[in-house]
Every structure is written in structure tokens, then in C-alpha cells.
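Consider the two complexes below, in which chain A is the common component and chain B and chain C are the respective partners.
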Partner chain A sequence: MLLVKQLVTMSDLSMTGLATQRSTPRPRFKSGGLYPYWFYAPAAAIYVVLFLLPTASSFYFSLMRWSLFDATFIGLDNFAQFLREPFLLQGLVNTLTFAAISASLKVVLGLGCAVLLTSQIIARGYLRAVIFFPVVVSTVGVGITFTVLMHPTEGAINQALAAIGIVGPDWLTNPRLALISVALVDVWKGVGMATVIYIAGIVSIPKDYFEAARIDGASKLQNFLYVTLPLCRPATVTIVTLSLIGGLRTFELVWTMTRGGPGFSSDVIASVIYKQYQSGFYGLSTAGNVVLFLFIVLLVVPLTAYFNRREGHE
Partner chain B sequence: MKLIKDYWLGVLAIIVTAVVFLVPFAFIVLMAFKDQQQSALLDFSWPQVNNLWANIVEVASTRNWMLITAFVNSTILTVSGVTLLVIFSAMVGFVLSRRRSRFNRLVEFLILAGLMIPPAVVPTIWVLQGLGLFGKLHGLILIEVAYHLSFCVLLYKAFIATIPRELDEAAIIDGARPLDVFFRVILPLLWPVTVTIIVVQTVTIFNDFTNPLYYLPGNQFATVQLTLYNFQSQFETSYNLLFTNILLITIPPLVVFLFFNRQIIAGMTAGAVKG
Partner chain C sequence: MAKLSIRNVLAGASLFAMALIAGGANAQQVTLSLLVDNSPEVLTRFEALVAGFEAANPDVNIEIETRPGGEEGGNLVKTRLATGTITDLFTYNSGSLLRALNPGQFMADLSNEPWQADVQETFKRVVSTPEGAIVGAPFSTASAGGILYNKPVYERLGLSIPKTWDEFLANNEAILKDGKIAPIIQTYKDSWTSQILILADFYNVQAAEPDFATLYTEGKAKFATDAAALRSFQKLQQVYEAGLFNKDFASAGYQDGIRMLATGEGAHYPIISGALRAMGATYPDQLKDIGYFPVPSDDASKNGLTAWMPQALYVSKNTPNLDAAKKFLAFVVSPEGCEILKSTGGGTGPFLVKGCVLEGAAPAVSDMLPFWDSGNNSPALEFLSPIKGPALEQITVSVGSGIMTAEEGAKLYDEDVRKQAQQLGLAGW
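And then the complex of A and B:
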């Protein structure tokens, strides 16, 4: 019985094999059966209901004075409040500052580490693992650890600085420094990600370029400036895009390290959203979300478009 | 000469990275060993007593064994979230990569949107309440799936494009039913990328703090990251316990990292470069 079945499938096989060879390369089977649209359904249902619908309705709710009990239409008043209230406006400025610091330092340090790790250096595996490990550690844990390490008098960082005769700054309690300190911790946690992306970029550069540069007698610096840097541009674009998006959305580190303080000096949009939500100003909180959305779209989309266009020219 | 220079550069790099990246972790471990008195000094010093076990017991038993409950909750959240992500995003990636149609551009646009747009918090809570999912563990599972779908679909789509289409047809010819083609033929072939996704998403969802904070209020369903946040104020004077907690919740990602660091790095860079 089994043998018969096998024979039948075998003859089937040879027949269809001949048939497909002769006919057009178009698949013989209706793709509706093999690649059905309903495969989209479960993912689409979750995505539309829990992501797309809230995002779309946020534009509507941002125009409301909305609390637990009622919602009234107030037009653009929530957005006006963001520009009018100093502590909200500070949040907008801080968000941009944070993203700029974090993105630029990640690019510079990540590239440095990647160049080092692609050279003939000892213990490459160890170095890569150590630099990358913070990426997979809990942000809250990192935040708490650095809050203690950055304690103005007893923290290990300032104690170490004191040992070599430097009076360390009040990392998190000085209003002018708090945001920068948090951004530095963000760089500490994220530079490993930038490094591995750059390593992937540098490794994919064809060896011929370096060979040609060597024959032309290029120095190490020239090698870096005229070969490595321009040719790992896609990696740069990726890192800038990723760290800008991440920097603009940052919340966990700011919240665990400073709660936006001292005062409102390290508040970012995401922490404002949380604070307004806690206080029951749902409309204002949602307006914060819309502002964040606009920031990301207005900054990241033109930037990537610009980068990609220049890439096309070269 | 050049070799010696490279050697010293390497030694320098090892020392610098050890100070910058290892000292903070050493600090966590040292603090977890100390008793309350010594930990209050906040300094980077060798523990005078070995108080680790007592600290672990105390952290675990606080608030009626909340940390244990939280580990159970986080495990349920992570395992079911990752399982749903793998199946659903592989299905989307499969059809998206194989079937050219007018939907493709729309789906690709939505993937990009999902990667970039920050979720709107309060409207999401409003939707969750409407569905009766707010403050429920399965509600948060679906949220995690929704937020990480884009990334996973992107990885699967790129990988499926490298599997020859002839394989699907051969399977049909051999008598497989259409559904078997995906579940019995394609899905097993996706194993390398599936491992990557499992590892990356496990770490991401386990470490997630913001979404449980918003969508899972209350102690009943606290996740491990939330316990840390709650203990931050409760243990204000007991840094040994706070750091024991940090140590305990760092162990799962550490184990994953030790075994799968290649997959993690591959997955994160692949997703990044294509995105």
C-alpha cells in the first residue's frame, strides 16, 4: 500500500517536473493557498488595535482637556501650554539636548572603539564582550547603580577623583549638570551597540581599498579619514538614526536617576508625559506624545532622506 | 617594534575598559555582599562580612515574597510574548517576502512606523480599558507583541528572501498541504534567525520597565523591573538589599549573554543595518 502511494507521488513528481520545465516560471499553485493573506491577520489585529489605533486617536485626544471623568474640546490649548509653561518648554529643549549629546558621543566613541577592535589588538573578544554587555543589562539597574556612584560626596566617582586631587562635580544635584550626567550614563550603556554596528560596517569594506591606500603610501590617519570613514557611512547613518530615536524617547534612565530633577532641570518629554499622566492631565500628557511624535518625524525622516540622497550621489 | 606598540595599546585598552565597564558591575557585586552598615558608606571597598545569603533571603521575602511573584510574572510575560512574536512575525515575514502585491508597500510603511513612532500612552490605556485588558498580564503580553512586531518581521522577511521559492513548490509536489509548507518546512528552516529573535526579545522584554509601569499598575502583577523601582524608595537606607536585587535581576540577562552573545550581536546589528 505504502509502496503504491510512493510510486504515485513519484510519477506525480516527474510529471509536474516536466510540466513546470516547459511552462512559464510563474508558480503552478495559486499563491492564495500557499501564501494566504490571513497569515497577516493575527499580527495585524494586535498591531492595529494596540498600536495604530492609539497612535491615531492621540491626535484627537491631544486637543481635549481630558481627565478621568470627562473630556472637553479645547483646540490647540495643550500645545500652547507646552510653549507657554517654562517647565514644559524646558522638557522640549532638554529632550533635544539629550538626544544630541547621546547620539554624537555614541558615534564618536563607537567609531573609536570599532577601529581599535578591528585592528591587530590583543584580547579582542574580551574587549568586545565587555563594551557590549551593558546593552543587555536592565536600564533601571544601571540607573540606580550610577545614581549611587555619582553621589556628590560619598560616590565612588568623586572619591576616586578626590584621590588624585580633583574636586568632582555634583553630577546629579547640580541643575546645570544633571541632564548631561544622565546622558553620559546613556552613552555608557549604549556605546556597545554603536561599536558592534561600526565593526560590522568596517568589516564589510572590501580589502582592496586598504590595499590601494597602502600602495599609495597612505598613513594610518589618511587611511582612516579617506577610506574607513567615508566607506562606513551606512553604519554612521544607522547609528545616528537609532540613537536619535532612542535619545528623543528616553525615559527609564531619567526617571530612575533624577525623576526629572532637580526642579525640572532634567525633565524630558517622556518624563513630562508620565508626570502629567500621574497627575491626571490626560490631554496634556497625550499632547506630549504628539509633540514627541512630531519631533521624531521632523528630525529623523529628513535626516535619513538627506543621508540616503547623498549616498546616491557618491 | 610595531608589535610591541600594538601590545601596549591592547594592555591600555584592557585597563581602560576594565575601569569604565567592569568597575560598576564589581560595585554591584560588592554591595550585594555587604551588611547594611557598610553598604551605607557607598564606597568601593571589600565587604567586611559575607552577608550575601542573608541579603538574598531578605530581598526575596520582602512584601510577602513579592520578588518571587515578580520573577514568575516576568517569566510568563517573556515566554508568552516571545512565543507569539516568533509565530506571528514569521507568518507575516513569509507572506510579505513571497507574495508580491499592492499590500507590500503598506505593510513595509507600517513596519517602519512601528520602529520609529513612540507609543501613545494614555490612548493605549484607554483602548486597553475598553477591551478589559488594562492591568492584566495578558494585556501587557499583547502590548509587548505589538511594540516589537516590526523588528521581528524585518528580520524574518530578510531571511526568508534567502530561502529558495522552489522549496515551497517541492513540498507541495511531495503532498504537503499549504499550511504544512509554512509550519513544517519553512518555520524549521528559519531556526537561526528564530534563535536570534528569541534571545534579543527575551532580553528586551525581561528588561522592559516603561510598559509594565504604565499598563500593569499595582503589586499583584509586578514585574522584576518594577520591584527594583518600588524597592528604590523602600530600601533607601538599605543599599545592600537594593544592590542584591539589582544583582539578582541582572543574572538572567548575563546568562543569556554568556551563551548567546554571538546571536545577540548578530540580531541587533542585522536589524539595525536593514532598518
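And then the complex of A and C:
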């Protein structure tokens, strides 16, 4: 028991870094506690070296114009420049669009698949494995594969469409469509995870509810709308949070499939920052990362607090 | 006491072993590492150069490492320079891309090598540090930017080489009316190819305004406000709006472009003559069908070539084997080296070492020679100024796909250039 507690505090430490000061005094075990505080040292050292120092230094370097070896202090110019970036706003809108498409489609499709895969159908175990499979494939591999599949003339998708007489769109080269195409691939890759979370949610609903509904003569649709759906709410919250955060950080798929193109039309914040780094604007891209960090914190901390509070009430 | 003595014996033995290894290496072999990009042309060339050099210098052993080309390879070189893990010898671009590396800090000074006397002056200027030290050696041919065209198409339709932009557009209209092939090939999947029409138009910019490069470096001339410079962007917008591109311009890549030009699926490809070398690898029989002309200006009396300086070979400042590395450079620019360079292709333009003359060049290269010889040429802007905005290729894709107008693109590029100039710490920005 004590060991478990110790582990919990250790992981607390690595979450906040300040746990030692904040934690309420615990009853000491015999003389001065079985485990001295310096047991925290290894975890603390790793946390300081791998997280606190880089974070602190990135705040420092975001105030410099620096190249490979020299650095000039320029105050907040990098931030001013970053916020003036012509494609920052579009990148922001694209990022939010991407996150919204990805999160909403994953919820809808994931719930649908989960309902199907918890009902009595043939080869249920096999189908569950199939739908989860894309999750374990490397994102870069998925990106490259779909770039080939979505080629406007030679790609399998448009050739299949052509076979039934439809002229397929230019998935990745049409500036209006490129971002949506990438988001759809993200959904294909991520829907398995959403399905698994929903399956867990549906399976954990006590059978009594369904029994009661059956006695009341509920139809299948009513069963779904008034029993399954409301009782899956925690699963929905988890999926929305996860895919929203994932969507905000999205980079690999966009970079492998369109490189933010054509032109700048599918740039997301992460690809804007990456291109700045690639061009050697290290100070500017560090400032961009600081802004992205603050942006995610501002978005996610209240969201998590809100959801946690809601869950506490239930 | 017993423990100590064992330790001493062990220490002594290992020291002795180390001395043996070190002594052995000194007496026999120096190993140099060489980092080159993995394009087949460059790799074959260096394999031949290294083989030739090792045959003449059995005490030096050169190990070739490869890296990707393009942006990715550039990042790799930058990272290895910054972390001090760069190879003894490495290849990298000349001109503005070299300047962005802070060459004085990482590359050995080669100004006083005896072979510098045989190297072309223009090339020396683009491999120099801002302080004036020469740090690179040539291993490749200079290239020309402009329009590569398919000669059989011109013969079939009875067209002649355009001297002005309007004549060029008229030729394209004739090809479009013929309805069989694409007048202009564009390949935006490899977005760097989208910049060439604008970059290769620089001869015309500087013909109209001889001071442009200097004023641009000082921040006094802008693409959006300078009529001649803005004209380059407008030319791109014009050919897009006239519907002259191949249908799959947005998804086609560089290799597709070369195929279309070689097989006559497209008539014109605005590109750097390095494409001829790539074509020699994939369509050697079609090289004879390809000709060259510069990007036409609006004035028939002004007609000249925009030149690209090739990548250069550099020596790391921290190499422990500086002498051996310099020996290799001397071999590359020597007459024996020249023979190897000639035998491993290089048909994109003249060599940059005096006395190393290309024989039996492709027709497109012969088309360039009058411009090289008459002096009707100018290095591209990125070789006259240390500043090249890194986002140009995305901007030209946008202008060339109708997402942006020429004016918007030029304005955006000026912004990009300003960032680069500030990053380089230039005065006046």
C-alpha cells in the first residue's frame, strides 16, 4: 500500500514537478519515514533535464535571433514577427478545421462501428481487429500510401471512381480540398481508437438498463438514443478531448501528404513552425513553439478542468 | 598493494595497445569521410573520383557517406555542422545557401591553394565567406536556367525560337491550337521546380536595372514595387491564366517533367539545365531532341542566359586530416580529375576549371555556348546576393496555380526576404 502511494507521488512529481512542496504532510512511518525524499531525485533529475531546462531555455531563445553558433538579443521581435506571419491566421483556421473534422467524424463513425461490433454479428473479433489495425500503422507510412492512392489520375481511388463513371476530384492538389482530404485520412487512421473506447463504454453499461427498456417495449432506435448514447458520455468526452489535442498538434500527415501545399493552402500551425525552423529562422520558430504551447495550455487546461468537474459529479 | 599493481599493469597494457593502434594508423592509412547527396549523378562521379584518387594515393582512404538531396539534406548538413559531427569533406550549395551556413566558422580556408588560379572567378565569388576567404572547390559544371524545348515539336509546327515574351506566348498558342501536347510543362509536386521561370528571368531584370542585386541586398529594391522584378511574377501568372500547362501540373513531379519533355508530351519546360543530366540517365536517346533558349524578355535586343553555379566541395575546419583533404581537392581540379568529371557526365554547361573543356556536348548545351562566350549572361540573383527567401517555392506554386496574383506573390516574397535578411544580420533591414 505504501509502495503504491509512493509510486503515485512519484508520478505526481513527474506531472507537476512541485509535488514535494504542495503535497499535504503524510503520516510518517516510524522514525522519519521509510523512504527519504532523495528517492525522488532520479525522477526529478530526469524531469528537470528533459523537460524544465528545455522549456526554460526555449523561452530564453525565443527572445534571440540565433543561428548555428551566435545569438543576438532582440526582445519580443520574434513574437511580433510570428504573429505577423501572413499565413499564421490561415494556419490557425486550418488547424481548428482539421481538429473539428477529425474529432466529429471520429465520434460519429466510432460510435457507429462500436454499436455494430458489440452486436451479435459474424466474425466480430476479426472485424474488431481490422478496424483497429490502422491505429498501429506508422503515420508517415499511412501518409505516403494515401498520397499514392489519392493521385488525381493514377491513384487507386480515382481509378475506382472512374470505373463507375465518376470523375474523382484532385484530392491533394485542389487547394480547397487538400486539407479535408488529409483530415479524412486522419479519421481513417484514428477511428479504430475511437471505436475501441466506445466498445469499452458500451460493454460497461449494466444489462439492467437494456432489460428494463425491453420490458417497456423500447425499439432498437430508442434503445440506442435513450440508453446507449447517454451512458456513453464519458467515452465521448475522452474521444473528443483526445482527437482535439491530436488535431491541434497534427503534423506528420500534413507534411507527408501535402507539405502544407499546394502553396500554403493546407498549412497548419505545426507545419508553419517547422518550415521556419527548416529555413534557419530558429528564433522565430522557437517563438512560434512558445505561442503554440501557450495556445494549447489555454485551450486544454480549462477543457480538462471542466470535464474533470463534470465527471466528479456523476 | 597487490590490487594497485594489477591496476597499473592493466593501465599500462591498454596504453600500450592504444599506442600500437595509433602508431599503426599513422604509418599506413589516413581515412577521410566524404558526405555527398545520393543523386545517382553525384554519387557515380564521386565514386570515380575517389577510386582515381586512391589509386594515386594509396595512403589515403576515402569513405563516401550519402545524404538526401534538397531541403532534407540541407537540414542534415546544418545539424551535423552545429553538432560538430560533419565529415572531413562534404558537398553543399554555393551562393546564398552557403552564406546561410556561416561558412567562415565551419569551413577551412582554401584561398591559398595553388589550384585556385585555375578556377573561374565567378565561381570563386559564390564560394567565399563574407570576409573574402574562398572555401569551396568545383566538381561540377555550371548550369543555365531557361526554357528547354522539344525540337521535333518546333519542326513539326514550323516554329522558330522566340526572342521576345510575346513571341513565346504566340508559339505556345500555336501548340495549344494544335491540341496534341501541353505547351508548357509545370511540375508542382516537386515545388522547387515552380520557381525557375521567375529565377531564370533574372537576366532580364538586371538588363533593365543593372543595380538591382545591390539595391535588393541593401533592402532598397523590392519585388512588389520594382517593375522589372514584378514582371517575372507576372509572366508566371500570365502563362497559368492562358491555360498553357499540362493537365496534371499540380501532381506531376520533376521526373515526370523530364519524361514529358523527352517524349514530346510537352513542348517547353522552364528548368535549370541540370535536367539534361537527369534526362541523360533516363532518356539518353532523346537528348539530341532537346534545345535551349533563355526566358525571353519584352525587348528583342535584350536576350541573355541566367547562370546557376553548381554545388561545391568543402573541407571541415575541424578535420584532423587537413592536408589529405586538400590533396583530394587538388586531385578533383587537376587534369586527371577533369578527365573523370568529363567521363561521368556533366553535360549541363561549362566546367569551372580553366582548361577543362567539354567535348561532344548535347545540343541544348551547344545552344547555351554563345551566351556563355559572348558574356550575355548573369548569375542568378541567389548568387549575386546572400538573400534568398525560403518560401519562394510555395509562393510560386500559389501564383502558378492561380491561388494568388503576381502582385500578392511578390509582396509576400518581399516579406519573406526581409526575414531572411534579418536572420543573416545584414545592415539596413
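The criterion applied here is as follows: the second predicted complex is superposed on the first by the 235 of 314 C-alpha atoms of A that agree within 3 Å, B and C clash if a C-alpha of one lies under 4 Å from a C-alpha of the other, contacts with A are read in each partner's own complex, and residues count from 1 in each chain.
By our rule, contacts are C-beta pairs under 8 Å (C-beta built on N, C-alpha and C of every residue); 3 or more make two chains touch, one makes a residue touch a chain.
Only a predicted model underlies this, so the values are computations on that prediction, with no experimental measurement involved.
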Touching partner for A:His151 - first (chain B), second (chain C), both, neither: both
First (chain B), second (chain C), both or neither touched by A:Asn78: neither
First, second, both or neither for A:Thr95, with chain B first and chain C second: neither
Touching partner for A:Leu116 - first (chain B), second (chain C), both, neither: first
Contacts of A:Phe51 with chain B and chain C, given as first, second, both or neither: first
Chain B versus chain C as contact partner of A:Arg259, first or second or both or neither: second
Touching partner for A:Ser279 - first (chain B), second (chain C), both, neither: second
Touched partner set for A:Ser271, first chain B, second chain C, both or neither: neither
Superposition-derived comparison: chain B or chain C, residues of chain A touched: B
Which of chain B and chain C A:Ser181 touches, first, second, both or neither: neither
Common interface residues of chain A - those touching chain B in one complex and chain C in the other: 151
Complex contact set, residues of chain A against chain B: 9, 12-13, 16-17, 20, 27-29, 31, 33-37, 39-40, 42-44, 46-47, 49-55, 57-58, 61, 66, 116, 119-123, 126-142, 144-146, 148-149, 151, 154-156, 159-160, 188, 193, 196-197, 200-201, 234-235, 238-239, 241-242, 245, 248-249, 251-252, 256, 270, 273-274, 277, 282, 285-286, 289-290, 292-293, 296-297, 300
Chain C contact footprint on chain A (complex, rising order): 65, 67-70, 72, 81, 86, 151-153, 170, 172-175, 259-265, 275, 278-281, 283-284
Sites on chain B touched by chain A in the complex: 6-7, 9-11, 13-14, 17-18, 20-25, 27-28, 31, 41-44, 87-89, 91-92, 94-95, 98-99, 103, 107, 110, 114-124, 126-128, 131, 142-143, 145-147, 149, 153, 165, 168-169, 172-175, 178, 181-182, 203, 206-207, 209-210, 213-214, 224-225, 228-229, 232, 239, 242-243, 246, 249-250, 253-254, 256-257, 261, 264-265, 268-269, 272-273, 275
Chain C - residues contacting chain A, complex: 71, 75, 78, 81-82, 100-102, 105-106, 188, 191, 248, 250-251, 390-391, 394-395, 397-398, 401, 403-404, 412, 415, 419-420, 422-423, 425
